[in-house]
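For reference, the structure is listed below as structure tokens.
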Amino acid sequence: MKNNHSKLDFDRFSRIGLEEAIYCEFKTGEQVNEILKQFLNKNKHCLLTRLSEEKLNQIDSLIKKKVEYCSISNTAFFNYPDYTLSQDKKVAVLCAGTSDLSVAYEAIRTLSYYGKNSLNLFDIGVSGLWRLTEKLEQIQTTSVVIAIAGMEAALPGGLISQPIIAVPTSVGYGVSKGGHTALNALLASCSSGITVVNIDNGYGAACAALRILSTEP
Amino acid sequence: MKNNHSKLDFDRFSRIGLEEAIYCEFKTGEQVNEILKQFLNKNKHCLLTRLSEEKLNQIDSLIKKKVEYCSISNTAFFNYPDYTLSQDKKVAVLCAGTSDLSVAYEAIRTLSYYGKNSLNLFDIGVSGLWRLTEKLEQIQTTSVVIAIAGMEAALPGGLISQPIIAVPTSVGYGVSKGGHTALNALLASCSSGITVVNIDNGYGAACAALRILSTEP
Amino acid sequence: MKNNHSKLDFDRFSRIGLEEAIYCEFKTGEQVNEILKQFLNKNKHCLLTRLSEEKLNQIDSLIKKKVEYCSISNTAFFNYPDYTLSQDKKVAVLCAGTSDLSVAYEAIRTLSYYGKNSLNLFDIGVSGLWRLTEKLEQIQTTSVVIAIAGMEAALPGGLISQPIIAVPTSVGYGVSKGGHTALNALLASCSSGITVVNIDNGYGAACAALRILSTEP
Amino acid sequence: MKNNHSKLDFDRFSRIGLEEAIYCEFKTGEQVNEILKQFLNKNKHCLLTRLSEEKLNQIDSLIKKKVEYCSISNTAFFNYPDYTLSQDKKVAVLCAGTSDLSVAYEAIRTLSYYGKNSLNLFDIGVSGLWRLTEKLEQIQTTSVVIAIAGMEAALPGGLISQPIIAVPTSVGYGVSKGGHTALNALLASCSSGITVVNIDNGYGAACAALRILSTEP
Amino acid sequence: MKNNHSKLDFDRFSRIGLEEAIYCEFKTGEQVNEILKQFLNKNKHCLLTRLSEEKLNQIDSLIKKKVEYCSISNTAFFNYPDYTLSQDKKVAVLCAGTSDLSVAYEAIRTLSYYGKNSLNLFDIGVSGLWRLTEKLEQIQTTSVVIAIAGMEAALPGGLISQPIIAVPTSVGYGVSKGGHTALNALLASCSSGITVVNIDNGYGAACAALRILSTEP
Amino acid sequence: MKNNHSKLDFDRFSRIGLEEAIYCEFKTGEQVNEILKQFLNKNKHCLLTRLSEEKLNQIDSLIKKKVEYCSISNTAFFNYPDYTLSQDKKVAVLCAGTSDLSVAYEAIRTLSYYGKNSLNLFDIGVSGLWRLTEKLEQIQTTSVVIAIAGMEAALPGGLISQPIIAVPTSVGYGVSKGGHTALNALLASCSSGITVVNIDNGYGAACAALRILSTEP
Amino acid sequence: MKNNHSKLDFDRFSRIGLEEAIYCEFKTGEQVNEILKQFLNKNKHCLLTRLSEEKLNQIDSLIKKKVEYCSISNTAFFNYPDYTLSQDKKVAVLCAGTSDLSVAYEAIRTLSYYGKNSLNLFDIGVSGLWRLTEKLEQIQTTSVVIAIAGMEAALPGGLISQPIIAVPTSVGYGVSKGGHTALNALLASCSSGITVVNIDNGYGAACAALRILSTEP
Amino acid sequence: MKNNHSKLDFDRFSRIGLEEAIYCEFKTGEQVNEILKQFLNKNKHCLLTRLSEEKLNQIDSLIKKKVEYCSISNTAFFNYPDYTLSQDKKVAVLCAGTSDLSVAYEAIRTLSYYGKNSLNLFDIGVSGLWRLTEKLEQIQTTSVVIAIAGMEAALPGGLISQPIIAVPTSVGYGVSKGGHTALNALLASCSSGITVVNIDNGYGAACAALRILSTEP
């Protein structure tokens, strides 16, 4: 009764250059396992997001052997060939503190999956991203900026000239709980050309960055 | 008592390639007038957004003569030299119906201000942007897509490979009133690499597009 | 002190053709057990929804023997006679991904309880229901469509001519968390004649479909 | 610059049996006028919703002559042939008070546009729809019930066996303001097979009813 | 460092006829224990609300012996003398289903604490309180009605002539989750003279009823 | 087409002792006029609430002559016989400032309509109702307290022993706008036996008070 | 019937050093007039806030002569003696743009009423308060900072060592509309010792500053 | 891959007199451990907030030895020298009940960290802070008041003349759940010069108090 539930889209890459990622949060371990079997049978690789260690451990050992897992971001590469990342770092991934690392790494891992190295700057000062002046020169060597912004979500659109993709995060308490204050504060900054993705969506931010990189010659 | 309230930033352009626009919604006609005088004195030009016709008519006639106004988008170019738009259209501006035109034109006018022509596709089908298949080839000739999305805010991230900047609009009634349903529905689509700006923020979407274009060689 | 808390409505069926289902989420296992005893004493059958496996296991073994349980949907048939489903499939149940399966099966099971077979189409494409064109012909053989719509809740009212009952689901993170974005996005689609039920309410959608089927000759 | 903004969908009817209605709330009088000219040129008729009297009066007099306007519901039939409504009344339109009449008439007029007569029951008792017992027999002669539900939005799903489409309305003050309390109260009633459309969406409810009627032989 | 945190109000009763209840939800077991010791030392009794069984079991055994606990409502009487309830039942406590029992019993136990017997009617029909007609005569023998109203919160203010205190409950899923839909639906019914207390606040409803009874001669 | 829209409930009084009030906010002047004609024809009187002066002036002069209007509360008595208010004042109506007067008078007028005099205490101190100690003795001569509570909505349940019905008002700015903060703050006070009605619902509070008075011998 | 509605608190000053201000937004012109008459009779002065020009013009001319009105902030001094402001400027009032001036002036005027001069810095840079570095030295000469923060509400708690009182403002559109995003963003900054007042509450911020100044020797 | 994630700000103290606290809620035990190691290496001390006992126990035993932990407030002093608190108590910390103690102690501990003793008044009466009159004299000996305000968040700004910093807390159920009702009720009291910090932010309130104390000579 349960087989054939997941019909996967193996052609998406050719259309838009982005494959389908397997979003695992509301899937059972059993469902994830079944999906990976399909990929293995077609000898395809894939990226998994929001895969908890608990679900990882429910996967058949033969399949699990082909999973390369990152526990900070709960992402996994499945059946992935050896790869070399690009020499140059065209994307900067910034975050303001250790609390935002899991979202930052979801972005970094997604970029890696597509072969892109990234300039990763964590915990830029104490009181938020607005004090990143000392790193400005380094950031300006990249083509796109992904800014992971948690409790104090003010972004210095005026300091950076590249495309900026902001990711609000759900850390915080009181009014910050769940990330809606960060989301709204970032949307309020859009006049300077910043764009925003869903709360905690490091994967989506990386996809947006990849779309931008693909417009370069 | 009221003079010198506005200290303008004439150097922003050199830093990030984007000048400051004069956002007029919460300024009085008198305040707008004073700001334009400063620009005239320095012989600078500027872009004004959310300038109602009522406030436009409160501006001194000498200054008003140098205002080029668009009543669909409530934008104005002040003290602007003759200009030619780029031959090629690197930005596509899509919208689903006549109700979203003012936001679409805010984006288009901002692009024009920076010399960028745009491919403008309005009222793409009846039931929202998801049925834009017939225009796909035309859209694929551009480098960035700005999608103005009102009451039925579903975006086909899977059909388009370029960077997509989505602008939710405040049209609609009931749950759609104010644009929050469109905003959230668009944020929910971010996994495919779509990014979002604030509700009705055509200006911000154009700035984001300009940032992306500036990464091209 | 605790007995006789539940006075059940054994006559509802004769009035509207729909029996009362036992909604178990906020009942204790003990309370469910007691209700089932009453049904057994009257030799009646019933449908149970939101019955967790944990509560199922708190039921007396004699009673439990007469429970037919489905762990995907957490529904159960109690004291139910052998049954044959209708040959024809008058209801289509669509969903966009494995994450929405539990809600889909709550609808399917409710239809089964009333003897109705259904055409079940799961995981229709990757990026949401708006790409179901290839299944259109098959869907058009049915009389009612139940569309389970999770994170990307855009429904193609313009493609399908039958009555469409949309069920938003609570899967998703950030702005999608809890299902309110899906709910509102679906309500915004109502102009094309789509109707909506409460978040995750597969049972209610099936009841609505049964009401529609009952208007057919 | 402004012509050709509206590309209309003259083929929708053949596909799903429902034409496109012209939703006028966020269109200017000028934009409505232009759209009607296109319909006149093709000698087609259409339904307009949320057309204020003010905008009606901005329409060219030649075109306006072909508009049949209803000021209770702000709807209009344009270029519509003489018509006879169906003898039988297959849809019941219920509302609880004079405050909900404009929404009720939006539904009634939409049904009329498609040739359907309706059984209209207004102001059913004082304290809401739950006391409609005395009209029950009459209501049971119809195939679909549209229930317009304002400040006290409780619907007696258990009394009526037909499909019920509930329309919350935005009348009310305090917590009722805007219609969200009515909307949520109706969604909470969905377990009995009631379905809901967007706040004030009489048009959508009528379309949903028409879809149901089209499933009848 | 931790002693003397709780300074209790032993005189409140003489002022308004209601003693202070000990609300335990955000107190630790240790804090509850300490408070009870103070009551014991003064040889006073008290009512405890929201006392989980887990916290109950953290209380010193000597003190616990003087606790009379009700696990349906998580209330307890401490150091309470033998008591007889009033012969007559001046308060009716109504609820629509087993899911609302814990709130109903919080009200009933509070009434008992003050010596008031109550007429308890649970699970009045399936689809909510609006179908309580058959019990009407019995209800009319009381002076005050407490109506516990969960998922389908419509109250028949028009059927009952006594003071009605409505308690929304937090049971339910989707839009009903947390009780806000029930709360708002009840507030919308206030025109007929119904009053409302906080979600799940059976204790407050009983206090309000006691205030009303105290106005009787 | 428009006649007979309003079917009025002339028997409600005999059932619960409260007549139906005509709530005018979402009715047109024409609809109000029509309703009053029905009352005149049956030689009945009624209470009208939320009747703006503008609508009052749209009423036929013959009918208007029988309207006794109060512009502070926007209430009116129609076709009302000469009346004497009760000597004693069994209800206290308290409010904290002139901003809440319209709601206070809606309650006072409703009480007058049923012949009840009230003890009216306005602007009790500056910083809210919590400083009403000096009036306490006077208040204690009444049987019920209606407390209109605007921007600083803290109610001293502990000082007053009678039933207290709190009415939050919609005055205020920022977080207070619309009355939701006052409503929630009052609901949070329910543990001391305070009950609450909808925002600005002076009419409902008076009805609740009348219900309580009717329980007295 | 309407006189004596307002009982004013002429003794508050002696208690806490702050007089009562007359908040006019929800008072009628007539009510304001009556209050001022009371002040005149006692030969007292007062501060009025949110007094629109329209209401100002409804005041009796004799009384109006003693009103000193500021149209930017809608504040007025009534019956106020000649005054000299303090030489030194112990409070800094910062705002980010001309849109926030009315709130800034409400604070400045309140300070003036109590004889305090202030250092007023408007339009500090384009993209929000976070770029106020160049004014830092000047700001550090004051004892308290009031920061009026509109659309981009990030406050540099880390740069300033004095007490900082932040006032969110209601300017902005989309998610910023009404000021809730600014409010929440400011509350999220509280870890660095910033405190916040209600949206647009320039008066309250000035009172808080006066409280702090009063702690100085 | 994980080392060097946290770049700490050891110079903040010299700038604003407040060091950086380590907010542990969204850090792993491992991340906290690593941060403390950096402090130890530089022989610096620090304050930790929201450190659960579970995470405390994940810290290396050598490092843990230098941690002084408070389990009521989940705060810790790391590597802190012996210290003496100030003789005088310049800050009053008030709270209304044992449920608010953890927030109160977060403030008290932060003050202690900076050497400030505080006057701690817990559980001031039963029904909220508005009845603190008997403690008034004692409170008036301090320079700043921190008021922790839970379920009944009314603050007597009119009774106290010092600066008042209010901290809403997240205790409570129904509308009080999460602390938003308390937050909004406190913001509504700002006209009397009260200021507010984020929900449960005892740390921020203490920092604000320290800023005020630092303005004293």
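All chains are identified by letter, namely A, B, C, D, E, F, G and H, in their written order; residue positions are counted from 1 within each chain.
The working rule: a contact is a pair of C-beta atoms (placed from the backbone, for glycine too) under 8 Å apart; a residue touches a chain by one contact, two chains touch by 3 or more.
Computed from a prediction, not measured in an experiment: that's the story for all the values here.
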Inquiry  = Over half shared numbers or under half: where do the identical copies subunit E and subunit H land at their interface, same or different?
reply    = different
Same-interface partner of F-H, chosen from the options D-E, A-B or E-H, over half of the pairs matching = D-E
Remark   = Quick note, more Cb pairs in contact for A-H or C-D? It is C-D
Remark   = Per the C-alpha means, the centres of subunit E and subunit G lie apart by a whole-Å value of 45
Inquiry  = Need the CA-centroid distance for the pair subunit C / subunit H, whole Å please.
reply    = 49
Remark   = Chain centres from averaged Cα atoms put subunit B and subunit D apart, in whole Å, by 35
Ask   = Where in subunit C do residues touch two or more other chains at once?
value = 12, 23, 126, 157-158, 172, 174-176, 180, 183, 187-188, 191-192, 198-199, 201
Note = Every touching pair of chains is listed here as A-B, A-C, A-G, A-H, B-C, B-D, B-G, C-D, C-E, D-E, D-F, E-F, E-H, F-G, F-H, G-H
Subunit F-facing residues of subunit D, complex = 72, 97-99, 101, 122-126, 171-177
Task = Spell out the residues on subunit G that touch subunit H in their complex, using ranges where they run on.
result = 12, 15-18, 21, 23, 143-144, 157-165, 183, 187-188, 190-199, 201, 203-205, 207-208, 210-212, 214-217
Key: Residue ranges of subunit H touching subunit A (in the complex, touch as defined)   = 2, 5-9, 12, 20, 23, 25-27, 31, 35, 50, 168, 170, 178-180, 183, 198-201
Request  = Could you please specify the touching residues of subunit A with respect to subunit G in the complex?
outcome  = 126-128, 130-131, 151-154, 156-158, 172, 174-176, 180-185, 187-189, 191-192
